[in-house]
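These are the structures, in structure tokens.
Next come two complexes, and both contain chain A; in the first it sits with chain B, in the second with chain C.
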Partner chain A sequence: MESDYAIIGGGVVGLSIAWGLLKRGRSVTVLDGDDGSFRASRGNFGLVWVQSKGMNQPRYARWSQESAAAWADHAAELGDATGHDMGLRQDGGLTLFFSEDEMEKTVSDYETLKAKLDGNYPYEILGGNALRREEPHIGPSVIGAILHHQDGHTNPLRLLQSLAQDVRRLGGTVLTGKQITGVEKTDLFRLTCADGTEIRAAKTVLSAGLGAIDLGPKMGFKAPIRPQRGQVLITEKMPKIINRPSLIARQVDEGGIQIGATNEEVDFNDDVTQDGIAHLAADAVNAYPILGKVNLIRSWGALRILSPDGLPIYQESAAMPGAFLVTCHSGVTLSAAHARFLPDWLEGNANAPDLEVFSEARFS
Partner chain B sequence: MKPAFRNLTAPASSPGQMVAVTFDGQELTLVEGENLAAALLAAGVDTFRETPVSGAPRAPFCMMGACFDCLVEIDGTVRQACLATVTDGMNIRKPNGTSDV
Partner chain C sequence: MYDLIVIGAGPAGMAAARRAADLGLTVLILDEQSRSGGQIYRDVERAALLRGEILGKDYTDGIDLARGLDHPGITHAASASVWQIEDGYRVYYTQNGAGKTAAAKRLLIATGALERPMPIPGWTLPGVMTAGAAQILLKQSGMVAERAVLAGAGPLLYLVAAQMVKAGAPPLALVETQTGGDFRRALKYLPGALRGWPYLMKGKDMLAALRRAGVPRHTGATGLRVEGGDRAEALVFNAGGRQHKIEARTVLLHHGVVPHIQAARSIGIPHRWNAQQQCFAPEHDETGRTAIDTVFIAGDGAGIGGAKAAAIAGRISALSIAQDLERITAADCRRESRPLQASLNRELAVRPFLDTAYPPYKEALSPDDATIVCRCEEVTAGDIRRYAGMGCLGPNQAKAFGRSGMGPCQGRYCGLTVTALLAAANGKTPDETGYYRIRPPIKPVTLGELAATAQRKGK
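Coming up: the complex of A and B.
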């Protein structure tokens, strides 16, 4: 089988790229793992998020903003093609504060970043009373919040489902249960799988999440990424009680309240722990006391894909030109950018986004 | 109403005592100690609640604590009926949105 592109990894990142390339008339084969693969695409928190991203690298803040701004069209186009509602809401997101000092420090950091972004950082500070008007169920220990108007959230499972469906509709080939054992390049890339499948392609994109740790070095990348566990909870479905998402809790389009998330360095372990769940539940009830009487129905753990500085990596291989590494923590937020802007970078077009700061040169 | 479910043993041979409970104001006589979801189904209750989002009717589905479709409010607390047992005087209601939370 021969394609213009072989995409290694069929999660939100790989499928977004595949979708964008197919829209431009390229032929694409996506090689996906199996049910045992670690899949951030199935375990994440579903935010389309700008605030606090790129505090030390304004280009990352802008890249997130560019993607968030393209998300409405992205969701509409996928929705029209598949009939699924992405559940996208982009009317702002909250960071909740429990002390004045903490809030002042964050506001000062946001002002610094806002100056670097030429003022494009639309947020407002809500005191306790203003916040309670927006979120009537907020508890007394929350002293205020930052409302950032570029934030929002979506239904990440429907995003994944829609991408998987539309990539196939557009003529993409998606092969599942594949484990790549070898990558060679002569005139074409030749990818070999554990089951003997062989794929040939002019270019290849490594977007395999944590799978890039093993595969990256074989293709000439440093791929210095690591797993970080996040445990999350979800409640029974409720009438509307939370209007805007925060990192603590969000009410999904189907009514359940998703509570997040731990940050744990526990290697390749996506278990749920009693301690982790108890802390999440306590923090959520502290922020929204009404949750104290709501039933939890599920909990799960998933692994984030983190680079040393938390920023994405976009790198073409020096050893194997035509091979690209794409990896990031925020595959949902960046889905629109990966579908709509990244293909220009992969194709080497003049209007390609400037992704220089995201190269592996920063890891010396 | 004609129950879709029935006890395999006749109430007379049942080891438990018959006790009175209320479901949404209606008096029911159930066997003490029986699984509440099963007892309500056998008593002919076919809608345990309406969903808070679309208002669609719901009844027990998995009967083993996983699906959360059998939620009812028992003496003021929303719980899974399939994980509760019948006790004397239980006041059971359909959960009713935020007013009960």
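Coming up: the complex of A and C.
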């Protein structure tokens, strides 16, 4: 089988790129894992998020903003093609504060970033009363919030499903249950799988999440990434009680309250722990006391894909030109950018986004 | 710290708790119901006095087991639903609205069986329930479904029908899905089954009672569907070369029971597909010990064997646990286990015959596209097949696409169907296809109850 592109990894990142390339008339084969693979795409929190990103690297803040701004079209186009509602809401997101000091520090950081972004950082500070007008169920221990107008959230599982469906509709080949065992390049890339499948392609994108730890070095990348566990909760479906999402809780379009998330360095362990979920529950009830009476339905653990500085990596291989590493923590937020802007970078077009700061050159 | 925590106060759990306590172990037995007995001996200490005649001797036999929990070494936590089990072994549960926790050196999972869901067209209409649920109503509150039709396959169907006859409300009909071919295939197991001849005799007696009561029986039924607008109005099926329609506002479905595996799955105990019983069962050795050295499983949760087998298996596990904790010697453990093992084998001898003679209803194992398989999220069999076409090799991917198994039942009622549908669509075995990854809470818990168990710590 021969295509213009072989995409290694069929999660939100790989499928977004595949979708974008297919829209430009390229032929694409996506190689995906199995039912037990670590899949950030089905464990994430569903935020389309700008605030607090790129505090030390304004390009990352801008890249997130560019993607968030393209999300409405992205969701509409996918929705029209598949009949699914992406559940996208972009009317702002909240960071909740429990002390004045904490809030002041964050505001000062946001001001610094705002200056670097030429003033494009629309946020406002909500005091306790203003916040309670917006979110009547906020508890007394929350003293205020920052409302950032570029934030929002979506239904990440419907995004995944829609991408999986539309990539096929557009003529992409998606092979599942594949484990890549070898990558070679002569005039074409030749990818071999554990089950004997062989794929040939002119270019290859490695977007396999944590799978890049093993595969990256074989393709000439440093791929210095690591797993970080996040445990997440979801409750029974409720009438509307939370308007805007925060990093603590959001109400999904189906009605459940999603509560997140732990940050744990526990290697490749995606278990749920009692300590983890009990503290998530306690923090959520502290912020929204009404949640105390709500039934927890499910919890899960998923692994984030983190680089040392938390920023994405976009790198073409020096050893194997035509092979690209794409990896990031925020696959949902960046889905629009990956579908709409990244193909220009992969194709080497003049209007390609400038992703120089995200290269592996930053890792010595 | 207890020596042993038992989850489930059915026959296996009750028997194990008592045997362990007699050997000097401290035991905590946790159970969801307000009184011991499990499903089979539900509320037996009370109901046996009120309705023992209707429910029969097999039911009242549970009284001794239930009374056995009255022992100084046993703490019986009733109305306790376990939501999480952690290494060590620490169990988290809710009792009377409060989140609680307890730890033990050994854990025995005795969570029993649940009825195999029977997804046929119309099964989600009000008025349709499982035969087992109807029986629980009878045990617990003496309520009998009037003018009901029973449909499916298996000994429990006969038992419930016979109990309804005794209670003065015979079912309108028994619509059975097993065929003559199933019976002929089962005959090769008959010699073995004769070791369990009391079961076969009981079956014969029940059928005779149904005949005397004039309850019509249809066998080899296919094409079962429940018709109705707002609720069940009739059961329609084909049998004997023609279509039948029985008007009924209550339809009781049953086609066997399967191990209740959520607790065992949640701590990662390996499971294997049992082709004869058409379900997953946890792997364990002859004493019930699992791949996790300190965790045992006994009773129907370990593989379907019935109440008597469950009680024996519970005792065998208790002995092995007592030996682990050095309350009895290996020699004593062997001496007492050997005859128990022999009687367990006798109890299990009838299973291959029963499993083959009363297989699950084929059309409910692979429902037509329009039939709902996940009731919580209203996902149809056709949806699941479509997800297979979109690359879903296993139920966890299908769950992400279509929400099957994401509802309050945690996949208890759709798990086997979804695995079977994906396996068939992908041309794989159930073992290759796998099962939902079961995560806490294995029973719903409020965030408040959960939060109350958070250990204080500096952030």
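We adopt the following convention: the second predicted complex is superposed on the first by the 364 of 364 C-alpha atoms of A that agree within 3 Å, B and C clash if a C-alpha of one lies under 4 Å from a C-alpha of the other, contacts with A are read in each partner's own complex, and residues count from 1 in each chain.
Everything that follows uses one rule, which is that a contact is a pair of C-beta atoms (placed from the backbone, for glycine too) under 8 Å apart; a residue touches a chain by one contact, two chains touch by 3 or more.
Bear in mind that the values here come from a model prediction, so they are computed numbers and not experimental data.
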State whether chain B and chain C clash or fit side by side on chain A once the two structures are superposed.
clash
Please indicate which partner A:Val266 is in contact with in the superposed arrangement: first for chain B, second for chain C, both, or neither.
neither
On the A-aligned overlay, A:Gly255 touches which partner chain: chain B = first, chain C = second, or both, or neither?
first
Touch check for A:Ile241: first (chain B), second (chain C), both, or neither?
first
Is A:Asp32 contacted by the first partner chain B, the second partner chain C, both or neither?
second
Comparing the two partners chain B and chain C, which touches a greater set of residues in chain A
C
Between chain B (first) and chain C (second), which, if any, makes contact with A:Val294: first, second, both or neither?
both
Thinking of the overlay built on chain A, is A:Ala282 touched by chain B (first), by chain C (second), by both, or by neither?
second
Running into chain B, out of the candidates 127-135, 181-189, 253-261 or 307-315 in chain C, is stretch 127-135
Common ground on chain A, meaning residues reached by chain C in one complex and by chain B in the other:
236, 254, 293-295, 297
Would you mind writing out the residues of chain A in touch with chain B in their complex?
236-239, 241, 254-255, 290, 293-295, 297
How about chain C: which of its residues touch chain A in the complex?
83-84, 86, 90, 92, 390-397, 400-403, 406-408, 410, 433-434, 437, 439-441, 444-448, 450-451, 453-455, 457
Residue ranges of chain A in contact with chain C within the complex:
10, 32, 34-36, 39, 41-42, 157, 160-161, 164-165, 168, 174, 176-177, 233, 235-236, 254, 259, 272-275, 277-279, 281-282, 284-285, 291-301
In their shared complex, at which residues does chain B touch chain A?
51-53, 68, 71, 77-80, 97-98, 101
